[in-house]
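Input: a single structure, listed below in C-alpha cells.
For clarity, chains are labelled A, B, C, D and E in written order, and residue numbers in each chain start from 1.
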Amino acid sequence: MTTTAGAGPPPSLRSRRGAPRRELARWGLGVLGIIVLASLWELYKLLGPSDGLVLADARVLPRTSDLAMPHIWDMLARLSEPVTRADGSRPLWLEVAIAATATLGIAAAGWVVGLVVGVGLALVMQRWRLAEWGLLPWIVLSQTIPLIAFAPVVRSWGARVEIGSFEWQDWMSVALIASYLAFFPVAVGTLKGLQSPDVIHVELMRTYAVGWWKTLLRLRLPAAVPYLLPALRLAAANAVIGAIVAEVSTGLQGGIGRILIQYAGQASGDPSKAWGPIFGAIVLGLAAAGSIAVLGSVLRNYRRVEVDA
Amino acid sequence: MTVARRPGAGAARVLAPIVVGAVVLGLWQLVVTVGGVDDYLLPRPAAILAVVAEIAPSMLSAGAITGLNALLGLVVGAAIGILAALAASSIRVIDNMIAPIVTALAVIPIVALAPVLNTMFGADSQFGRQAVAGLAAFVPVFINTLRGLRQTLPVHRDLMRAYAAGSSQVMRAVTLPTAAPFVFTGIRIASSLAVISALVAEYFGGPRGGLGGLISTSAASSAYARAWAYVLAAIVLGLAFYLATLAIERLALRRRS
Amino acid sequence: MTNTGDDGAGSSERPRPASPGTATAVTVTGVDKVFETRSGQVSALKRIDLIVAAGEFVSLIGPSGCGKSTLMRLIADLDQPTSGSISVFGKSARQARLDQDYGIAFQQSGLLPWRTVAANIELPLSLHGVAASERKSRVGELIELVGLRDFADRYPDQLSGGMQQRVAIARSLAEKPNLLLMDEPFGALDEMTRERMQSELVRICAETKAAVVFVTHSIPEAVFLSDRVVVMSPRPGRVQQIVSMQLAADRTDGLREEHAFFDMVTAVREALHQGSPVSSVRGVENR
Amino acid sequence: MTNTGDDGAGSSERPRPASPGTATAVTVTGVDKVFETRSGQVSALKRIDLIVAAGEFVSLIGPSGCGKSTLMRLIADLDQPTSGSISVFGKSARQARLDQDYGIAFQQSGLLPWRTVAANIELPLSLHGVAASERKSRVGELIELVGLRDFADRYPDQLSGGMQQRVAIARSLAEKPNLLLMDEPFGALDEMTRERMQSELVRICAETKAAVVFVTHSIPEAVFLSDRVVVMSPRPGRVQQIVSMQLAADRTDGLREEHAFFDMVTAVREALHQGSPVSSVRGVENR
Amino acid sequence: SSTSEEPTDSGDGGDGGGALTPVSLQLQWLPQGQFAGYFAAQEQGFFEEEGLEVEIIPSGGDIVPQDALANGDVDYAIAWVPKVLGSIEAGADITNIAQIFQRSGTLQVAWADSGIESIKDFEGKTIGSWGFGNEWEIFAAMAENGVDASTVEIITQDFNMNAFLSGDIDAAQAMTYNEYAQLFETPNPETGELYTPDDFNVIDYNETGGSMLQDAIWADAERIADDEEYQQTTVAFLKAVIKGWVYARDNPEEASEITLNAGSGWGPSHELWMVNETNKLIWPSPNGIGIIDEEEWNSTVALSLATVNETGAQIITEEPPATAWSNEWIQQALDQLTEEGVDVTGEGFEPIEVELNEGGN
C-alpha cells in the first residue's frame, strides 16, 4: 500500500523545473517583446508628430527627430563602426565592452564591500534587538540621500588615505560609492533571512544547548540563503548603477560612466553613438544580476523552500 | 511561541534611533571641531543648521519643484505599473514579453537615461525628470503587484468558481484585495526611488530651481554648508514620501492582520 | 452489515424530505479522472459510480490521495471528469453550479480576511445581486444558526479555528442549497472542538434538510454524521465499499459512547484496511 | 477505573526497566506559570504536580489552551515556571537540557530543509562534536529504526508528512535520551498514517525504553499509547484527572477494535468533559 | 592621487640627475583640446626637463578642481576665476598664479532667424547654461546691459546642443572650442547638410561687458607664501606648461593628436578645432602667456561682486584677499624662458583653418 500526504511535489520544485519546450517559448516571447518594443519605436518615429505631442504645456509623447530618437538600425550599425575617424580607432562595441568590463570590476569590488558591510550590520541587528531598532531606520533613510552629493567628499577623503605602501586609488572611491547602494538590500534581506527560522527551529537549537554562534552557523545563515540571493541580485544591479553614477560624478577614466557622458556630449552630431554605452550599461547590469543566478544554482539546496523575500 | 513584549519596549523602539542619530551627529561635530578635519568640505552640523535657518524658503520652493516631479512620476509610474501587472497576470504572453524589458529597466542607471529623455521630451520642461521618476517607480510597483496578483489562494479561486462569479467579480472580491498589500509594498519602495531619481535627473539639464540643481550649484561654488542643507531637504523629502505612502498603506490595510 | 457497490438512495436510515421534484441529489456514473502532469498521467479516479439521495448524508473516506477531493471537485464542477457523467438534481454539474444548487466548504475556511464575519457570509449573496435588505435578514438568520451572534462584526483573524469554520458553513448555506459539499471542513480543528462542530452540523442539516457529501479522514466523524460511508481505495481511486450506518436517526453526543457506534467504527475501519493490510509498517509510504 | 490526582510511578501497567539509578524521569512539583502579556497576566498553569516514572509513557490531553505545550516547554527548560520546581532525572531542568537528557519532537517536524534525512538526524550529534565515524553508525541505526533506509539522501520536501515525522523522531532519539518529549507529533497527519505512526512509536519506545511525555488532542491516540493519561482543564491549566490505562502491555493494532479499548476511550472522554459540559454548544469557544 | 605635502626634491632645472618631484594637476573637465598645453608638456617631456613628474587628473561631473586643491588633494588646479572667487570666500586659500586664457571663450548662440542679436534680446527668452557656475557670465552680461533677469528663464543644458537644436532653448551657451563646433558637426534635418555659421547668431561675451576670466592655474596660497620648495616647483611647473602651450600653438595637429592619445573621446576633426580655438583664447599674449592683467582681474572681481543670480545669490560679497592672485611666479617663469629664447607672447600667431566632419569624427 502506498499513501501520500500532500500529494505531488511541493510548489518550490514544481515551479523551478520547466520543461525545455516551455523554457524555449519563454525566451522566444522575451525576444518577441523586445522586437515589439523596437517596432513600436520605429512605428512611432514614422507616424508620430516630429515635435512630439504637447498637452497642457507638457510634452507627453517624445519628438521623433533623429536627434531624439535615432533609428534602431542606426544605433546597431553605429556599434560596429569605429568610435572616431582617428587611425586605429576601435569599433564602438569594443570600446563599450572594454569600458563595461572595467566598470564591472569596480562594481564587483563595491558589491563585495556592500556584502560584507550589509551582512555585518544584519548580524549585529539580529544579535541585539536594540541595535535593530537603533540602526534600521537610519539604514532605510540612508537610501534617500542623493549619492552624487557624496562623490566629491569620498574622493577627497580617499585621497588622504595612505597607509604604509597602500595608497587610495580613485577607483576605490567609485567602488565605495557603489557599495553604498549595494549594502542596503543585503542588510535588509539578510536581517530578514536571519530572523526567518521558525521559533521551533530556534528552540530546537536551545534544546541542543548550543549558543548563538552555533545557532547562527547551523541554522540562521543557511536559512537566510533564500533571502540573501534576491538581495545579492539587487545589490549587484545597484552596485553597477552606483559605480556608473560615481564614475560620472568623479570623472574616473576607463569605465562606462565616463564614456556615457562623453558620448552624451557628442550626441548632437552623432546621436546614435550615445546609445552605445546605454546598451552597454543595461547589458552590464543584466550580467551582474545574472551572475548571482549562478551563485543561486550552486546554493540550490539551501533554497528548497521558496520565500517572499 | 512569541516572546512576550516587555512593557517599555515601545519607548526603546522610538528612543534607539534617536540616540543613534544624536551620537552620529555628535561624533560628526566632534570630528570636525576637535579632530582637525577641515570643515571646508565637511561642514559641521551646527553650520549646516545655521544655513538651514537662512535658506529655508529656498529649500521649501526647491523641495516643492522636486517633490512635484517625484509625485507625478510616482503616481503615473505606479498606475502604469499596476495596469501592466494586471495585463501580465491575466495574459501569460504579455508577461513573458515584458519580462526582459522590465529586467532591463531595473538595471538601467538614471545617468544613462536622463540626457536621452531630456532630448526626447524637451529640456525646457520638467517632463524628462517626471519620466525618470516614473520609470524608477514603475519597476518595483510592477514587480510587486504582479507577485501580489499571483497570491490568490486556490481555495478562494475555487470558492469564486463555485459561486459562478464573473471575472470582474473575482477581480474585485478576491484578486485585488489579496494583491493590495503587495501593491502597497511596491509603492512604498517606489516612493523613495521616485524622489531620488527626480533629484538626480536634475543634474542632467532642464529648468533650474529643484533640489538637485541647487545641490550641484552650491557644491560647485564650494558652498558646502548650503549644499548639505539642500541634501537635508532631499532627505526630508524622501522621508516624507516614504512616511506618506506608509500612512496610506496602514490606512488602506488597517483591517488586516 | 456492509453493502458493496452502489446501493442507491434507498439505504438512507433517517429519511428526510427529498428536494422538490427530484429523488436524487447527485448521480455519478462511470466517472474517470486522469490528470496530465509533467511527469506523466496520474489516474486519480477510476469508474466511480455513486448516487446520493436528496437529504442524504454521505461521507467519503479513504487514505490520502485516493481522490476524495477530486471527486468532490468534479461534483462541484470545479473540474471536469475525463470520462463518465455527473448530474446534480437532474442537471449537469455545470448548470447546477450556475444555478447555485450547492453550497461548499473546505478544510481551510477560505474566509476573506478583509471582510467581517457578516460580510463573509454575505459574499455569495452580494455576488448574485440579492437585495440589501434581503441579504441583511438572511445573514442575520445564518449567524444565528451557527451561534455567532456576538461576533458578526469581528474579522476572521479574531476568531478561533472552530468559529472560522462555522462562518464558512454559514456561508455555504447562504443560498439555501439543497446540497452541501464539504471537504474535510473540520480537519484543522482539535478533537473537542471537532466533536462540537459535528453535533452542530447534525443540527444544521436537520434544519436545512440538505443532502451532504462530506469528505473526512476520521472514522468516528464519518460514522457519527453519515447515513452512508463511502470507503475509497487509492491509485487509482475506486469505491472500495459503501457502508450504511445502522444507527439511531438522531445523533446525539451520547451516541459516541454506545457500543453500536463502536461497531460501526470497526466496520468502517475494516472496510478501509481491506485494501491495505494494517500490519505492513516500514517504508511503505511513498510519494 | 480512574484515579484522581498524582498516583506516582507505581501505576505503570507495563513496567519497563527504569533508567539506571533513577526511578523517576520527571518530577513536577507545585508548578505555576503566569505569562505577562500586553493585555495583562495570563495564568497558563496552576499548581501542577506530576511524576513520570522512568520508562513510563504519559500523555497530556485537554482542550486547546489548557497549557499542555506550556508544561512540556517547562520540562524541556524552554521556559521557566513562575513558581514551583521541576526536576528531570533528579537534576534541574536546565542541567538536564545541558546534559542532553531528553529528546524532543513537535507537531511540525522542524526538519532543516537544506539537510538530507541523514544530515537532519545527525544534527544534534554534530553539534555536540560526536566523532564522524560514530555519528555515521548511529545515524545508520536510527534510519533503520524508523524504516527510512532508502530515503537517507532525500531532502525533507521530498518526503510525505508521515516520513518527515519519522525523521524528527529519529532525530529526537539521536542522543539516546532516557526521556522523550513530544508535542502533538502526529497532529498534522491523516488518520491512517497516524495509526501507523502510533504503532511505530510503541515499537520504538519498547526498543529504547525511554520515558515519554506525549501531548495529544486525540483520545484514541492517548489511550493506545499511554500507561497513564493526564487530563487537563483550562484557564488556568490544572490536572483534572489522571487516568491509568487498563490495557494489555503490548499494544498491537488489534487493540483498537477491542471493547476494553473503547472503554478506556470513554473513560478519558468523560474525564475530559467533566470540566466542560458537552451539552453547551453555542458560543462557548473563545480566544 | 599622489599628494606632495613634502616635495622630496627641488626640481630646479633639469640638470640634476636626482629623483623627479611628483606634482599633481587637477583639470577642470575630461581630457580634451582645452588642456592641450598640459598634455603636450607631459608628452614632449617638458615637465621632466624641469625635474617634475606630473600626474594630470581629469575631473568629471561633480569634481570641483579648486576644492581638490584647497583640500590638498592636488598641487595645482585649472579653474575659472569667478567660480574660484566664490570658493575663496567660502574659505579656500588658493592663488591664481597664471591666467592662461586671456579671453573668454563663451558664446551665446541663437538661430539666425530668432531675432536674438544681443544680450538685450534675452528678455522674455529661454536661455541655456550648463550651471555649475557657468551661468555667472550670463547674469553679469544681463546686468551690464540692463536686462531684467527675472524675465529670463535659465535652463540647464546638458552635455550637448540637443536642447538648442530641438528648440527647447532660444539661445544656448557654447564654448568656442567645443559646443559651437558641435553645431557644425550636425546635419540640418531639412537639408541633410551640416549647419554653417550662417544659420546662427552668435553673441561673444568678450563684447558684452560681462566677460570674466576663465582657465587659470591655481596654487595653494599658504604653501606658495612660505614653502620654498613649492615655490621652486611652481616656477618649474609654469615653465613646462608654457612650453607645452607654445608647442600646441606651433603644432596644433600634433597637439591634437596628443590629447586624443591622452584619452579625449572626441573625433579628430573636433579635437583639432578645439586645440585651434583654445590657441585663439591664449595667443597672442602681449604681456607673455599667463600674466594676469590687473584690469581684467579687477573687472572680473567687480562683476562678481555686482552680479546677482535668479535666487538672489551673489558670487562674492566682499573683495577677495590680496593672496588671490600673483604674477610673481609666472613672471619668473617667463623671464627664464625668454632667456632661453622661447617666444612667450606669440605676436605673430595665426590660427589654422579646421574643417569639421559630421559627428566631429
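Throughout what follows, contacts are C-beta pairs under 8 Å (C-beta built on N, C-alpha and C of every residue); 3 or more make two chains touch, one makes a residue touch a chain.
Not measured: the values here are computed from a predicted model.
The minimum number of touch steps separating chain B from chain E is 1.
No other two chains have as many C-beta pairs in contact as A-B.
Taking the mean of the C-alpha atoms as each chain's centre, chain A and chain D sit 50 Å apart. Taking the mean of the C-alpha atoms as each chain's centre, chain A and chain E sit 38 Å apart. For the pair chain A and chain C, the distance between C-alpha centroids works out to 52 Å. Residue positions of chain E touching 2 or more other chains, listed in rising order: 61-62, 64, 67, 71, 158-160, 162, 166.
For chain B, the set of residues touching two or more other chains reads 1, 41, 115, 119, 122, 125, 203, 216, 219. The multi-chain contact residues of chain D, meaning those touching 2 or more other chains, are 158, 160, 162, 190, 192-193. Of all residues in chain E, only 61-62, 64, 66-67, 70-71, 83, 86-87, 90-92, 126, 128, 131-133, 153-160, 162-163, 166, 168-169, 310-311, 315 touch chain B in the complex they form. Against chain E, in their complex, chain A makes its touches with residues 51, 63, 65-68, 83-86, 148, 151-152, 155-156, 159-160, 167, 170, 247-253, 257-259, 261-271, 273. Every residue of chain B that touches chain E in the complex is listed here, in rising order: 38, 40-41, 58, 114-115, 118-119, 122-125, 202-208, 213-214, 216-217, 219-224.
Chain E makes touch with chain A in their complex at residues 1-3, 29-31, 58-64, 67-68, 71-73, 158-162, 165-167, 182-183, 185-186, 189, 260, 263, 265-270, 357-361. Within the complex, the chain A residues that touch chain B are 25-26, 29-34, 36-37, 52, 57-60, 62-63, 67-69, 130, 133-138, 140-141, 143-149, 152-153, 156-157, 199, 237, 240-241, 244-245, 248, 257, 260-261, 264, 267, 271, 274-275, 277-278, 281-282, 284-286, 288-289, 308.
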